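For reference, the structures are reproduced in the following blocks.
Presented sequentially are two complexes of chain A, the first with chain B as partner and the second with chain C.
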Partner chain A sequence: MDLVLQLLATGLVVGSLYALCAIGWGLIYGTTLHFHVAHGAVFALAAYYAYAGQTLLHLPLPVAVVLAIAAAALSGLLIDLLLYQQLERRGAFRTSIFIASLGLLILLENVLAIVFTPDPMRMDIGALNTAVIIGPVFLTYLHILTVALTIVAYGALMLFLKRSRWGQAIRAVSSAPEMARTVGIDLKRVHLLAYAIGSALAAPAGILVAMDVGAEPFRGTRFVLLASVGVIMGGIGSIPGAMLGGVFLGLLENLGIWKLPSEWQSAISFGVFLVFIVLRPRGFFGRTIHSAEI
Partner chain B sequence: MTAYFAHYLVMVGIYTILATSLNLLVGYSGIFSLAHAAIYGIGAYASALAALKLGLGFWGGLLVAAVVGALAAALVAIPSLRVAGDYYIVASFGLQVVILTVFINWTSFTNGHAGLPGIPRPSLFGLVIDNPFKYVVLSLALAAVTYAICHRLTASAFGRMLRAVREDEIAAQATGKNVVAVKITITTISSALGALAGSLYAHYITYINPTSFTLDESIFITSLVILGGTERLAGPFVGALILLAVPEALKFLAIPDTVAAPMRQILYGALLILFMFVRPEGILGRARTRPAA
Partner chain C sequence: MLKRIALLVSLFALAATPAAAQPAPIKIGAILPLTGSGASYGVWMKGGAEMAAEEINAAGGIGGRRLEVIYEDHAADASKAVNAMRRLVEVEKVPFTLTSYSAPTLAIQPIGSQNKVVMMNGGGQSDNLANKDYLYNNIPVVSNEVGVLCDWLTKEKKFKAAVMIVANDEAGRNSAKSFRERFGAGGGKVLAEEQIALDGNDFRAQLAKLKAQGGDLLFISSYGRNVAIVADQARELGITLPMAATSWVQIPEVLKSKGAQGLLTTRLPFNPESAFARKFKERYKTDAGFFAVQYYSGTRIFAAAADAAMKKNAGKLDGEGVKNAIESIKAFDTISGKLVFQPNHAAVMDIEVGVLKGGKVEVEKVIKAAQ
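And then the complex of A and B:
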C-alpha cells in the first residue's frame, strides 16, 4: 500500500508536467490546427535558457526562470511568425507545416546537443531539493511546487480564456475560424497569441524537469508526443480535457509499474492510448473528429 | 567497384525499399507514419528469429517478415485510421515506442540490447550470397521488385482511389468508396513491403540490435521520401542515393563523432524545413495544385 501511495504521488507530479505540456500544446492545436511537434524544442529551449541564465549569466534562480519563460514564449511566437505563417502564406498544406515543425524539432534539439553536450546539465536549486516526507510518501519541495504551479497555471489559463477579450478571441477562432474572421478577428494575431501562451506553459514544465534531473536536449520529443496523446484522450479543443489527459498519463505510467516491470513504462501509455481511441475516439470531453471532417 | 562502394549500394537498395513503401502512405495517401523504423525492425527480427529458431531460409524469413509487419501495422491502423489523420501520427509514434520497448525488453526472444548475432547469409539456388558484391544484386533486385509492385499499385484503379482519398475524403466517400478500408489496406501493404527491407538488412549485416530501429531512423526514412519527392515513385531512390552519401562525405571532413552525428541530424532537419519552402513536392516531384489561400 505504501508503494501505491508513493507511485500515486510521483504520478501526480509527472502528470502535472505532462498536463502543462498538454494544455499548451492543446491550446495551440485547437486554435491553429498545426501539429506543432516543435513544441518539444521550446520545452528543451526553456530548460537551457534557465540553465544558461543561472550558470552563465549568474542570475538568481527566480529571475533566470522568469526570463526563461518569457524567452520561451517569444521563441514559440517566432516559430509561428517566421516559419508556419510564411509557409501558410505560400499556401502550404497542413502536412507541410507538420514536416517543417518536425525538421525544426530535430534541428534545435541537435543544436542544443552540440552546444551543451547531450549530457544532463544540472542546475543549483538550493532548498527546493529538500525532502518532504508525508507518511510513507517521499517528495521534494520542487515536486510540490510542480503540482501547485500546474494548478495555478491551469486556473489562470481558464480565467484568461473565459474572461478576457483576447481569451474569447482564441476560443472563437478555435471553435469557428471562418466565423471569427467574419466578425473581424485577426486570425494571425490570435495564432501568435496562442503560440506565446502555449509556449509559456511548456516552459515551466521544461524548467521544472531540468531543475529536478538536469536539462537534456532530446527529452522534449517524448513530452510533446505524450502531450498530444493527452490532448486526444482529453478531447481535442478542450483545455480541461488536456489537463485531465496529462495527469491521467502521469498516473497511468507510474501506477503501471506497480504491476509491471518498470522498463515497460513507456509502452504502457501508448498501449492504453491505442485501446482508448477505439473505445472513445472523441476523448473524455471533446468533439468527435471523424476522418472525413478535416 | 570497391567493397566500400558495394556496401553503399546495398544500403541504397534497402533504404529505397523502405522509402518507396513509406511513400505509399506519405505521398500517395496523405497518411503520416512515424513507425516505419519499427516496421523495418519487425521485419528484421521476424526473419532473424525465423532463421535462428526455426531454421527457415532467407526466402521463408522474407515471407514471415512481410506477414508479421503487415499484422503489426494493421493492429494500429484499424483503430486509428477510423478517426482523423493526425491521430495516426500519434498512434504510429506510439507503435514505434512500444515496438522498440519490446525489442529492448523481451530479452528471452530478442536478446535485448545485446541483439541477435549469427544470422545466416541468404542463398539463391545453392549460391550463397556472402559478400557485398553479390548482395548488391540481391538488394537492388528486391528494390526493383518493390518499385514494380508500388508502380502497379499506384497506376491501378486502387491508386487513383488513394489519391482521391488524399485530396478529398468527403468527396471520395460520397462516390461510395470505403475510405477507411482503403487507408487500412494501403497501410498494411506499405508495412509488408517495409518489413522486407528489415529482412534484407538482417541477413546482410548478420547481426541486429534495437539501435537500428529507433525514432531517429523513422524520421530519416521520412526525410528520404520528402527530399526525393512524394508522389513520384523514383523519388525515394534519389533521396536514398543522396542522403546515404551525406554521412560518407562527412567522414572526409575531420569532425569528431560526437559532433558528426548531431551535425547530420541538423542537416536533415534543415533540409526538411528548406524543402517545405522551396520544393514541397521534393526533388523529382510534380507540383500539386495548391488550395486557394
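And then the complex of A and C:
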C-alpha cells in the first residue's frame, strides 16, 4: 500500500507537469488549430532562460524565474508572428505549419545543445530540494510547489477565459472562428494572445523540471508529445479536459509499473491512450474531432 | 578566374611541399564519451591521451614521426561510435584507435577486425569485450570486480538480500548478470531489479518499487552521472539501505553527491599524489582520475607497439603489425605498473574495496591481481 501511495504522489507531480504543458498546448491548438510541436522548444527555452538568469546574470531565483516565464511567452508569440502567420499569409496548409513547427523544434533544440552542451545544467534551488515526509510518502518541497502551481495556473486560466474580455474572445475564436471574425474579433491578435498565454504555461513546467534535474535541450519533445496526447484524451477544445488528460498520463505512467517491470512505462501510457482513443474518440469532454482540424 | 585560383593553389601547394618534407604524422583515433551522461569520463580520457601524445612528440615521436590523435564523440551511443569508426578507418586510415564504453566498443569491433585496425579499450568493462579479434582491453572485465565486491559484501559485510537498479545497456546488464551470479554464490539473494535509461533523470518510480521490496542492500549497476541521480533520489524517497557499486562511480558527480556517501564500492588503483596526477591537474585545472591514466597508458602502449612494429617491418606501420607487436610484447610498463594482456585480451589489476566518505573512498582492503 505504501508503494501505491508513493507512486500516486510521484504520478501526481509528473502529471502536473504534463498538465501544465497540456493546458497551454490545448489552448493554442483549440484557438489556432496549429499542431504546435515547437511548444517543446518553448519548454526547453524557458528552462535555459531561468538557468541563464540565475547562473550567468546572477539574478535571485524568483526574479530569474519570472523573467524566464515572460521571455518564454514572448518567444511563443514571436514563433506565431514570424513563422506561422507568415506561412498562413502565403496560404500554407496546416500540414506545412506542422512540418515548419517540427523543423523549428529540432532547430532550437540543437542550437541549445550547441550553446549549452547536451549535458544537464543544474540550477541552485537551495532548500526547495529538501525531502518532505508525509506518512509513507516522500516528496521534495519542489514537488509540492509543482502541484500547487499547476492548480493555481489552471484556476487563473479558467478565470481569465470565463471573465475577461480577451478570454472570451479566445473562447469565441476557439468555438467558431468565422463567427468571431464577423463580430469584429481580430483573429491574428487573438492567436498571438493564445501563443503568449500557452507559452507562459509551458514555461513553469520547463523551469520546474530544470530545477529538479537540470535544464536539457531535448527534454521538451517528450513533454509536447505527452501534452498533445493529454489534450486529445481530454477532448480537443477543453481546458479541463487537457488538465485531466495531463494528470491522468502522469498517474498512468507511475501507477502502471506497480505490477509491471519499469521498462514498460512508456508502452503502458501509449497503449492505454490508443485503446482509449478508439473507444472514446472525443476524449473525456471534447467535441468531435473533424478531419479538417487535423 | 577559376583557372587562376587553381594555379595559385597549385603554386601554393608546391611552395608548401618542401616545408612538409618531414615524414607524415601517425594518426590514431580516440572514440570517447565527450558529451552526455558520461562526459566526466571523457574529460579524463581525452586529457590522458593528449598528455601521452604530447610527451611522445616532445621526445621525437614514434620512429621520427609525430603522433596525432583524432578525437571522436560517441556520447554513449553505439551508432555514433560506428560512424566515428567508419570515418577513422575510411577517411583517416588509422591503424589504431582508443575506444571506450561497452556497447560502442562492441559495435565498432567488427569494423576494426575487418579492416585490421587495433582497438584499445581502457574504459568499457562488459565481459563480452573479452576474446575479440583486434580488440584489447587495458582494463579488467567487470566480472572480476563484481566478484571481489560480492565476496566482500557477502562474507565480510554479511549482506543477504539485494535489490538492483540496472542501466538498460550492455554494461549495466552485464554487470547485473555478474552480480546475480556472484552475490548468489556468496549465499545472498537478489530480490528484485528495475531497469533505468542511461540518459534518464527521474528514477523515482523504479526506486519506489525497489523500496517496497525490502532487502538489506541496493546495488547500482550503472555509470555516469545517473548513479548520482539514483543515489540522491533514493535518499529523497527515504531509502535508507546501504548502496554498492563498482569503480564506474569514480567520477566527481558521484563522489560529491550527498546521497552517495556511505557507498560500498570497488576501485581500480589510482594514486592522486602521483607525478602524472599533478601534471594533469596543472594542465587541465581539474583533478585527474583513474580513466586519465587508462588512456594515457593506452596511448603509450600503442607507441611502444608501433615502434616495435615499424622496427620489425622496415618502417612500415599498419594495424596488423601493431596487433602482432602487442601479442609478442604482452607485458607493458605503464605508470601504474606492469600491464599484462591475458589470453582473453583483457588486463587484470589489483582491486580495492572501500567506503565512500566525505567525497573520498576510504580503502578497506586490496585484492591483488592474479597475473
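Going forward, the second predicted complex is superposed on the first by the 289 of 294 C-alpha atoms of A that agree within 3 Å, B and C clash if a C-alpha of one lies under 4 Å from a C-alpha of the other, contacts with A are read in each partner's own complex, and residues count from 1 in each chain.
We adopt the following convention: contacts are C-beta pairs under 8 Å (C-beta built on N, C-alpha and C of every residue); 3 or more make two chains touch, one makes a residue touch a chain.
Because the structure is a prediction, the values reported are computed rather than measured.
*Asks:* Return first, second, both or neither, reflecting whether A:155 touches chain B, chain C, both chains, or no partner chain.
*Replies:* neither
*Asks:* Which touches a greater number of chain A residues, chain B or chain C?
*Replies:* Of chain B and chain C, the partner in contact with more residues of chain A is B.
*Asks:* Touch test for A:133: chain B only (first), chain C only (second), both, or neither?
*Replies:* second
*Asks:* Which holds for A:263: it touches chain B only (first), chain C only (second), both, or neither?
*Replies:* Both partners.
*Asks:* According to the stated criteria, A:87 is in contact with first (chain B), second (chain C), both, or neither; which is it?
*Replies:* first
*Asks:* Touching A:253, do we find chain B (first), chain C (second), both, or neither?
*Replies:* Second partner only.
*Asks:* Which holds for A:99: it touches chain B only (first), chain C only (second), both, or neither?
*Replies:* first
*Asks:* For chain A, what residues appear in both contact lists, the one with chain B and the one with chain C?
*Replies:* 117-118, 261, 263
*Asks:* Looking at the complex, which residues from chain B come into contact with chain A?
*Replies:* Counting only chain B, the residues touching chain A are 26, 30, 32, 76, 79-87, 89-91, 93-95, 97-98, 101-102, 104-105, 169-170, 173, 179-180, 183, 215, 219, 222, 226, 258-259, 262-263, 265-266, 268-273, 275-277, 280, 290-293.
*Asks:* Given the complex with chain A, which residues does chain C contribute to the contact?
*Replies:* 35-37, 39, 75, 168, 194-196, 201-202, 204-206, 208-209, 211-212, 225, 229, 235-238
*Asks:* Chain B touches which residues of chain A in the complex?
*Replies:* 35, 83, 86-93, 95-100, 102-111, 113-114, 117-118, 221, 225, 228-229, 232, 261, 263-264, 266-267, 269-271, 273-275, 277-278, 281, 289-294
*Asks:* Any idea which chain A residues touch chain C in the complex?
*Replies:* Touching chain C: residues 2-3, 6-7, 10-11, 14, 117-120, 131, 133, 138, 140, 212-214, 216, 253-254, 257-258, 261-263, 265 of chain A.
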